[in-house]
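This report concerns only the one structure given below.
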Amino acid sequence: MTARMTTIEVSAAERYAYVDLTEELLRAVKDSGVTEGAAIAFCQHTTCALLINEWEEGAMEDFRNRMRALVPDEGMYYAHDVLDRRTQNLDESHERANGHSHLKAMLLSASSHAIPVTAGEPAFGRWQRLILFEMDEPKGRRITFHVFGE
Amino acid sequence: MTARMTTIEVSAAERYAYVDLTEELLRAVKDSGVTEGAAIAFCQHTTCALLINEWEEGAMEDFRNRMRALVPDEGMYYAHDVLDRRTQNLDESHERANGHSHLKAMLLSASSHAIPVTAGEPAFGRWQRLILFEMDEPKGRRITFHVFGE
Amino acid sequence: MTARMTTIEVSAAERYAYVDLTEELLRAVKDSGVTEGAAIAFCQHTTCALLINEWEEGAMEDFRNRMRALVPDEGMYYAHDVLDRRTQNLDESHERANGHSHLKAMLLSASSHAIPVTAGEPAFGRWQRLILFEMDEPKGRRITFHVFGE
């Protein structure tokens, strides 16, 4: 068995922007030398998500709007953002009102995907792309690919 | 290590129907010869989802209704469905107003599952079944199982 | 390749409580002897979920409230809970009105996660923890870790 781990760092252009990671995944699979096996894609953050869907800007705009309807950015009470009540994980130098981003990330529960690899490529269907969805202020986001197989 | 990939194609009876894939998963595990390891189940499409839950028709009806409440099929503006605005991925021969199906699939983020295998079977709990949830017009859906281990 | 499967059983303190499983995952990885590879975390139940996010009680309270807004516990018709209509999977000795818990679990679709392992530890980011979110009456919950690699 062969296995190879690759970590990349990317930044979205702005909050609620998407980053297409499909080429990076393809490269990680190719660089691993694995032709039959699987790839794990893992996002090391708590306020963004990895989606597998179509890269179509209309649908991505719709999804952004729907997520903001289901978990409003503003006008809600979020205990996470009441800093004088919080006792855990406070980083006063840059603590932001990002409770809603955590909630969106938990609702999606999309930190990881496991994708079969065949003929040296992810076994994606015609329209599938691997997409980072940024739901917080943009910053460097680390994504790890672990590819294993023969 | 042993590994085996199996791809099946199934069709749901109608939009919002479910297909129980548990027997197909069991067969893929058995055919692989793996007794201790894991199975990846991966759906190659962008408007359906793989669920792991109970096969109980009441709960499945409830879930269908709830998903339609959270992401309405109709009465909403979905940019994905405004064809004279779209420039990407247009297939005019069969383009459908399925923006809501993409959104539901992104919200579920359930293209893949990774399931331990023990004693030659998926390590499912008593009520767990692997279920395809069709959220678009029914058509052939390809599901890949990658089973690996000893 | 080395692989090791570990199953633990935990109980939440009450409905909508969280249990931090990060230490159990770390131990399973350490006990496997794997330094480079991956870990699958799998929950064998249909009314709870595995989250990967920050352990911050404010955000967890917010998420609990949001899930109850998106899938109400009460005041909704859930076919799953109409016992004189149901014909499937009835266990009359302890059948509970937990339709909403099934729906929440399906919405999260978080039965499994696949997490890269590097330097003998899960490749978690600074704030990531593995968390069981109980959405039903608390009871023993079985979580399986399958760790594999070199």
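Observations
To keep things simple, chains are lettered A, B and C as they appear, and every chain counts its residues starting from 1.
Please note the rule applied: a contact is a pair of C-beta atoms (placed from the backbone, for glycine too) under 8 Å apart; a residue touches a chain by one contact, two chains touch by 3 or more.
On a predicted model such as this, the values are computed, not experimentally measured, just so you know.
Shared contact partners of chain A and chain B, listed by label: C.
At the interface between chain B and chain C, two copies of one sequence, fewer than half of the residue numbers in use are shared by both copies. Rounded to whole angstrom units, the spacing between the C-alpha centres of chain B and chain C is 20. Counting only residues that touch two or more partner chains, chain C has 1, 70, 107, 109, 113-114. Against chain B, the residues of chain A that register as touching in their complex are 1, 36-38, 49, 51-59, 61-63, 66-67, 70, 107-110, 113-116, 118, 123-125, 127-128, 149-150. Contact residues of chain C toward chain B in the complex are 1, 3, 5, 7, 40, 42, 44-46, 70-71, 78-82, 85-86, 88-89, 99, 102-103, 105-107, 109, 111-114, 142, 144, 146, 148.
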